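Same chain, two partners: subunit A is paired with subunit B first, then with subunit C.
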Partner chain A sequence: MLEKEKVQSLYETMLKIRLFEARVSKCFAKGQVQGFVHLCIGQEATAAGVCANLNQGDYISSTHRGHGHIISKGADIKTMMAELFGKESGYCHGKGGSMHISDTSIGILGANGIVGGGFNLAAGAALACQMKKSGNIVVCFFGDGSSNEGSWHEAMNISSVWKLPILFVCENNLYGISSRVDRSMAVKNVADRAVAYGMKSTVAYGNDVTVVYETAKEAVEYVRSGNGPMLVEYKTYRQHGHFEGEPDVYRSPEEIREWLDQDPIKNCEALIKEKDILTGEERSMLQEKIESEINEAVRFAEESQFPPAALAVKDVYTDIVEEGRVDR
Partner chain B sequence: MANIITMPKLGLTMKDGVAAKWLKSEGEAVKAGETILEITTDKLTNELEADQDGILRKILVPEGEKVPCQTPLCIIADADEDISGCLADIEE
Partner chain C sequence: MKLTYAKAINEALRNAMKRNSNVFIMGEDVGIVGGTFGLTEGLYSEFGPERVRDTPITEQQIVGMSVGAASLGMIPVPELMFNDFMGCAFDQLLNQAAKFRYMYGGNMKIPMTLRLPCGGGLQAAAQHSQCLEAFLTHIPGLKVVYPSTPQDAYGLLIGAVRDENPVMYFEHLSLYFEEGEVELDGKPITLGSADVKRQGTDVTVIATGLCVHKALKAAEILEKEGIRAEVVDPRTLYPLDKETIYNSVIKTKRAVIVTEEVKRGAWSAEMAACIAEDIYESLEKRIVRIGELNTPIPYTKNLESYVIPQTEDIVEGIRSITD
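Coming up: the complex of A and B.
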């Protein structure tokens, strides 16, 4: 059993993600969000539970459904919201949107618009950690669908051969866009595939934040101790469509209902009540506090300016003067 | 609280949508999360859910009509609430 303060802090992170995503959903419907958004409502426990085991110097690579990971790693929600609104004050000065939010100062290597695009970035960062002997590790978040991409197998292989300090975290939400996992994968678990790379793996329930935290703690310790990479697969479910506005006709109402009943926030609230961790009043105060932070973030995003047209291509292209090319 | 529900933007390229079928009629009670309208676009058919409990007080776009995103579709309010403020907002 986790100590009360830990449960409370995990709950707070999950609630922040949920309320942020719920607001983004509304802002998207109102036409305020400038690009596509894929919301992680229903998958808050994996992001919060895993990232609670990381230090500021550790890295994460994220996915197209990345807001939860990014919030859990400590990103500023005002700057995130401004980016979603396409404003100059956003993480990418309004030119990247939801799928490019990154903050290397706190180890966020970036959300990624390319499915499977994060694997080799994560492996590269892990190689850097290893060569610098920094003691930091990399968590590579990915979905079930992307484990069918070649880049996943390449990164799994080289990470294992080189014993890189990287934890692969699969959020298996049972669907790659509209394809159920069993239509695109012949094994039962993504974790089963780790055997082929000689990598340790485990499967756990992803909608109980205490289970996620405990399994991730063990896995992070294993990776940080220099044992090489590991894979943890969490079974979870997204409650919204693949993208905002998607009709979601490929999942049965029974299945959706079944997973709504296992909502990670409701699960955590049941524990909070049972163990008397927060009173009802403390819980509503916490919710109000987060709501007001989000109101502030929306106000900041609304009041910020769009980037000027003259800067349209700034930060978009590079002069290619990175290390190794300079002298040629 | 009286609220105006507008045509949502569903997906990146949606500019307008058709109020294809009202599943509730004026004066009927609705619950938060209940589908009140089917919306069709060039690409898809989607359901509009009420975001609050209340009464569907006024339908502003008849079935079959195509309107741009953010056009007011209906007003949801309590049974005896004054919605003249909402109607005035729409007039503007």
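Coming up: the complex of A and C.
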């Protein structure tokens, strides 16, 4: 059993992700957030539970569904929200949006909009950690769908061959966009594939944050000790569509209900109640505190300026500013 | 001293690795055997298996891991055995290497130099002979380098490795064993500086890679007819030294562009369009483009030679606007 403080802090991170994502969903519906937005509501436990085992110097690579990972690794939600609003004060000064938030100073290598695009990048980052003997590790978050990309198999293979300090964390939410896992792969678990690469792996329930935390702790220690890579697969479920505004016609109401009953935050709240970790009053105070942080983030994003048009031609290169338009 | 183009590249790699311990090489057969064409010969024994890494046959991974390592401050100089294999690695170039700095808001640097052997003449047929520089020059975020002489190969590679951006370094396979004077001075050539390889007054021939040598031969032939051709080698396709190129075209009032690429959608078309857009009024004649025929590269010698632009094609092209 985890100590109370640990459960409390995991709960706080999950709640922060949930309330952030719920607000983004609203802001998207209002048109304040544009483009494609992939929310991780329902998958908060994997992000929070894994990242709670990492040091600031460790790295994560993320996916198109990356807000939870990034918040868990310590990103500033004001700067995140501003980026989603397309403002200059955002992480990428309005050039990246939802899928491209990065902050290398706290080990966020960046979310990636190309499914499977991040595997070899993460392996390369792990190679840099190994060559620099920094003692840091890389956590590569990915979904079940991307494990069918060739790049996944390449990265799994080389990580094992070169004993790279990388932990592959699969969030198996049962669907690659609209295709259920059993329509995309012939094995039961993504982790079943690890054996082909001589890699240690484990499968765990991803909607209990204490289970995630403890399995990830063991895996992180294994990787950090120089044993080479490992794969952990968490079974979870996304409660929203693949992206905001998607018509969800491929999942049955029964299935959705079944997983809503296993909501990771409700699961954690049941534990908090059972073990008397927080009183009801403390819990609502915590919720209010996070709500006000998010209100503040939205206010910051709303009040921030859009970038000047001239910014569009900067930072393509370190040393060249591209030609702009003459009259604007 | 006299060195081959291949040896000059090898010496530039050695220089870069000695100068900065973060520089490392990764690719297929680059280590123990020293590269399919001997380009990395001796580096494995000198710098060890950590810094000269033989990889599985996985081009996407060679590029992807290099980008990942570069994002954490390493300086990878990966090799694709043939530029034709870029298809397997394309996402990592198009959507990752080229985009990181920009889409992450200027917070990242990708100091990677990807070596891309290219070009025909070895009877290597359709999948091992192409010149694909236009694909990569089209992508904002990448720089593209294409040396034609051993000295340029040396200086541009040193310059590319010191550059903080992803640099695509094309090297023509048929130039590997061409010799030239090289000063191993460790000095980089600035990316974006063209070089006038031959002075002339009547026509400007803008040529890249092996075609620089063919253009120089064509210029020699035409000199006997009283046509003095100036041969300009851009050396980097992006950034492009428009000033040197335009000054020459303004002087000669004629432009012939010669590259080994398939002519349709080629980099030479971009060059022609730039001249037409920017200094059209200085031209006395139409722009001439000479390139490969719009076919895959055939295997057998007479077909290959027919498809690839040759000196006589350049001679003809120049004559067509200097009569």
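Basically, the second predicted complex is superposed on the first by the 315 of 328 C-alpha atoms of A that agree within 3 Å, B and C clash if a C-alpha of one lies under 4 Å from a C-alpha of the other, contacts with A are read in each partner's own complex, and residues count from 1 in each chain.
Note that a residue touches a chain if its C-beta (ideal position, glycine included) is under 8 Å from a C-beta of that chain, and two chains touch if they have at least 3 such contacts.
Quick caveat: nothing in here was measured; it's all calculated off a predicted structure.
Asks: Tell me which partner A:Pro247 touches in the superposition: subunit B (first), subunit C (second), both or neither.
Replies: A:Pro247 contacts subunit B only, not subunit C.
Asks: With the two structures laid over each other on chain A, which partner does A:Phe28 touch: subunit B (first), subunit C (second), both, or neither?
Replies: A:Phe28 contacts subunit B only, not subunit C.
Asks: Just to be sure I read the superposition right, which of the two partners does A:Ala123 touch: subunit B = first, subunit C = second, or both, or neither?
Replies: A:Ala123: touches subunit C, not subunit B.
Asks: Identify the partner contact of A:Phe36: answer first if only subunit B is touched, second if only subunit C is, both if each is, neither if none is.
Replies: first
Asks: Is A:Glu3 in contact with subunit B, with subunit C, with both, or with neither (first, second, both, neither)?
Replies: A:Glu3: touches no partner chain.
Asks: Hey, is it subunit B or subunit C that touches more of subunit A?
Replies: Touching more residues of subunit A than the other partner does is C.
Asks: Give one of first, second, both or neither to describe whether A:Gly90 is in contact with subunit B, with subunit C, with both, or with none.
Replies: A:Gly90: touches subunit C, not subunit B.
Asks: Output check: A:Glu281 vs subunit B and subunit C. Expected answer is one of first, second, both, neither. What do you get?
Replies: It touches nothing on subunit B or subunit C.
Asks: Going by the contact definition given at the top, which residues of subunit A touch subunit B in one complex and subunit C in the other?
Replies: none
Asks: Within the complex, which stretch of subunit A touches subunit C?
Replies: Touching subunit C: residues 59, 61, 90-93, 95-96, 100, 102-104, 109-110, 112-114, 117, 119-129, 131-132, 150-151, 154-155, 157-158, 161, 314-320, 322 of subunit A.
Asks: Which subunit A residues qualify as touching subunit B in the complex?
Replies: Contacts found on subunit A: 26, 28-31, 35-36, 243-247.
Asks: For the complex, which residues does subunit B have touching subunit A?
Replies: Contacts found on subunit B: 6, 8-12, 14, 44-47, 51, 69-70.
Asks: So in the complex, which bits of subunit C are touching subunit A?
Replies: Interface residues on the subunit C side: 24, 50, 55-56, 58, 60-61, 63-74, 76, 91-92, 95-96, 100-109, 140-141, 143, 163-165, 239.
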